[in-house]
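In the two assemblies presented below, subunit A is common to both, partnered first by subunit B and then by subunit C.
Let's look at the complex of A and B:
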């Protein structure tokens, strides 16, 4: 068989529409999911055993069920309770619900990783509460927050491909439509995979800049020893 | 139309029966991913520039595209290039390939934590490279990445649910068949969610037990 991108010529607008919807859905789910994640994390950190138990149940349930099942539970569950919404809205909500469990864990870990007494120390040297928060606490939390958050956002964007199974016309759904019309799977999936890949590379680049900005740059493991590097390093030593 | 608990209970046996398919495929995928991931890591450690550059592109592709698209590629594209695979084989190959990359990436991190002196000592003793890999590096490496592997196993189990999209009759597809016959999709989906929840909680818990075992073995 040969590779003939010309078969896609009429279908590029459809694929780009799909990619645009994938981006919109991902951004909406990021905003809603992160807000919910912060709320869950703050509840988890409240004193007493009950908040931790409830949020632990929430997080573990959502993290141990495949997203496609969560999606169908929400998709069939809402009409069950008499709520009828367009598929795109349902899909976005399900994606946000799914991501919120992971964001909650990220936020909780970032807050717990903050060394004790940072705020109090800043106050003790005469900083106002606002500036102690802004100059001491917030930068440290952000530094711990950014790398895993962008990572999760990338995972979520990829996970949005599953929305195709409830007929949300995002990129994967459109690729199946185009595949059905052209019977050119190689060209279609090469194109669609490239679009996802491009979006992922862009998100990765944004996150790299963001990490540099908040000072969360993690140095690549430095080569330690010529002999050991033969086995323990996968990167060629620079000479 | 209220929630029918007895209906949910009545379909659980069928869903659990279908779960055997997911578990069987997940086990095959994990074994493949471990073997291939280890092999890939050793190839990368040879540091042949051209080979590592190609592997880097493959890794970026696998990490940058949805698993569902990778499954579609295995299912729709491979037959077009002459590889006619059954849905199960195509799906297993796609998830195993994806998982192989993640295993190799976590091994890369694990390698950095192995004591340099171990390699120096084995080299000084004149151990041949294959012995250094098999007897010194890999046993320590596997122990270190047990938590990551457990996590990867739950991800693989969740990934097998996507195979329903390419007609593998797993828990989800069985659930869809039951739902369309009974018009009770909500209870059915809750049932399949429970099945996955139990499988993955069992994996996580047994993983925690295995971790503490390994921790004592190391001490």
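Let's look at the complex of A and C:
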């Protein structure tokens, strides 16, 4: 038995199709999950005990169940309500749901880390809670959001492999197909591993640039010790 | 109309988990007046200011700003009605507050700090808001600091930006929370000058401070607060010279004794 990458020549298009779908699903789940995460974080910070209780239940439920089980519950549960949707759609929604719990915690923690006086001074002058969030809080937490959000997005992208179990034809699903056709599991999975690796590296690089850009705007603005700034960031500075 | 006080606080009560922070506070501040609120720390001074901006919701009592109820109102039928969030937010620009730590927004320039609330809250056109911001900052001696971010400003400059930010909303009343405490002692004179210049243009102010000397210098009237109650109030001179309330007398003696002891006639801090 020897390593023979030539067996993959005919199947590249299939793997690339899978990779493309993985990317699409991940981006869609990122957008939907983040929107839901922000909403959950904002509700969690509303006054009173009820919003915290409800969002706490939401977050803890999604964080304490394996993703594959969330996926099965959603995928096999929906038909009970008479809802039949394509597997790709259901899979993406489940992935967004899963990620939203983590994004919510990231956003909530970033808002809580900002001194309370910032929000209060905006409220005291007459801004609505949403205006205060938009004009005063959001611009100051953007940068702090990037590194943990990137971690979660990478985790989520890799977790999307689980969608293969409900027949979503993403990268892992296609690799199983190709493996079945070629009987060359090592070659196939080695190739797939490097595709996942490449996608993760690209996402990390995009995030690094994003952090640098947001950072450039903010380093100018936020009072912070320059030395502390250097060590608190994941960005390797050139200067 | 001049008879209506700019600020009327009646029977204001606030409890924190059963501990009483404000106990039936009554206070009137009339147009153009500077009232200093003094008292030992933990007496409820700051809580009162936070209630007046509705950052803290009082449990009982009423606040009126320029004749309009804030937060809670008595209907003609004698029923207490809670105002909606929008109603409260609409009244908030009327009460300008300068926080102890100023709470400027670090991601905006000094000018933008003053401009943004005008456009967002009052819906002023940006050009007009900028004109107003520049005018106020210039008047407060910050003409050459407008494009700086807060971290590039000194404490005194930050405070004046915070004052400009509040003034730009055309408030009926300005609140100051310990305006001298976050600054170097030698800047106290500067703060005094700024507050006096505001008084000259007829601004009504309520100043919370624990510095009696500052209060005596700046205020027309002094109110003394202890354990959540206003125990004595009157013209600044009388309060300092002839305090009636024993607790006020103790407080003044204590502060004066400390001052003589710690800072013998200078502004240099020699403690320890």
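The rule is simple: the second predicted complex is superposed on the first by the 194 of 239 C-alpha atoms of A that agree within 3 Å, B and C clash if a C-alpha of one lies under 4 Å from a C-alpha of the other, contacts with A are read in each partner's own complex, and residues count from 1 in each chain.
As a convention for this text, a contact is a pair of C-beta atoms (placed from the backbone, for glycine too) under 8 Å apart; a residue touches a chain by one contact, two chains touch by 3 or more.
Keep in mind that this is a model prediction, so the values were computed, not measured.
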{"item": "First (subunit B), second (subunit C), both or neither touched by A:86", "value": "neither"}
{"item": "First (subunit B), second (subunit C), both or neither touched by A:67", "value": "first"}
{"item": "First (subunit B), second (subunit C), both or neither touched by A:215", "value": "neither"}
{"item": "Chain touching more of subunit A, residue-wise (subunit B, subunit C)", "value": "B"}
{"item": "First, second, both or neither for A:201, with subunit B first and subunit C second", "value": "first"}
{"item": "Partner chain(s) touched by A:192 [first = subunit B, second = subunit C, both, neither]", "value": "first"}
{"item": "First (subunit B), second (subunit C), both or neither touched by A:139", "value": "second"}
{"item": "Subunit A positions touched by subunit B in one structure and by subunit C in the second", "value": "221, 224"}
{"item": "Residues on subunit B engaged by subunit A in the complex (per definition of touch)", "value": "1, 3, 41, 44-45, 47, 49, 52, 60-61, 63-70, 72-73, 76-77, 80-81, 108, 111-112, 114, 116, 118-120, 123, 129, 132-133, 137, 154, 157-159, 161-162, 164-165, 172, 175, 179, 185-186, 189-190, 192-193, 196-197, 200-201, 204"}
{"item": "Touching residues on subunit C, where the partner in the complex is subunit A", "value": "53-55, 85-86, 89-90, 92-93, 95-97, 99, 101, 103-108, 116-117, 120-122, 149-151, 165-166, 169"}
{"item": "Residue ranges of subunit A touching subunit C (in the complex, touch as defined)", "value": "115, 117-118, 120-128, 131, 135-136, 139-140, 218, 220-224"}
{"item": "Of subunit A, residues touching subunit B in the complex", "value": "1, 60-61, 64-70, 72-73, 76-77, 80, 158-162, 164-165, 172, 175-176, 179, 185-186, 189, 192-193, 196-197, 199-201, 204, 221, 224-225, 227-228, 230-236"}
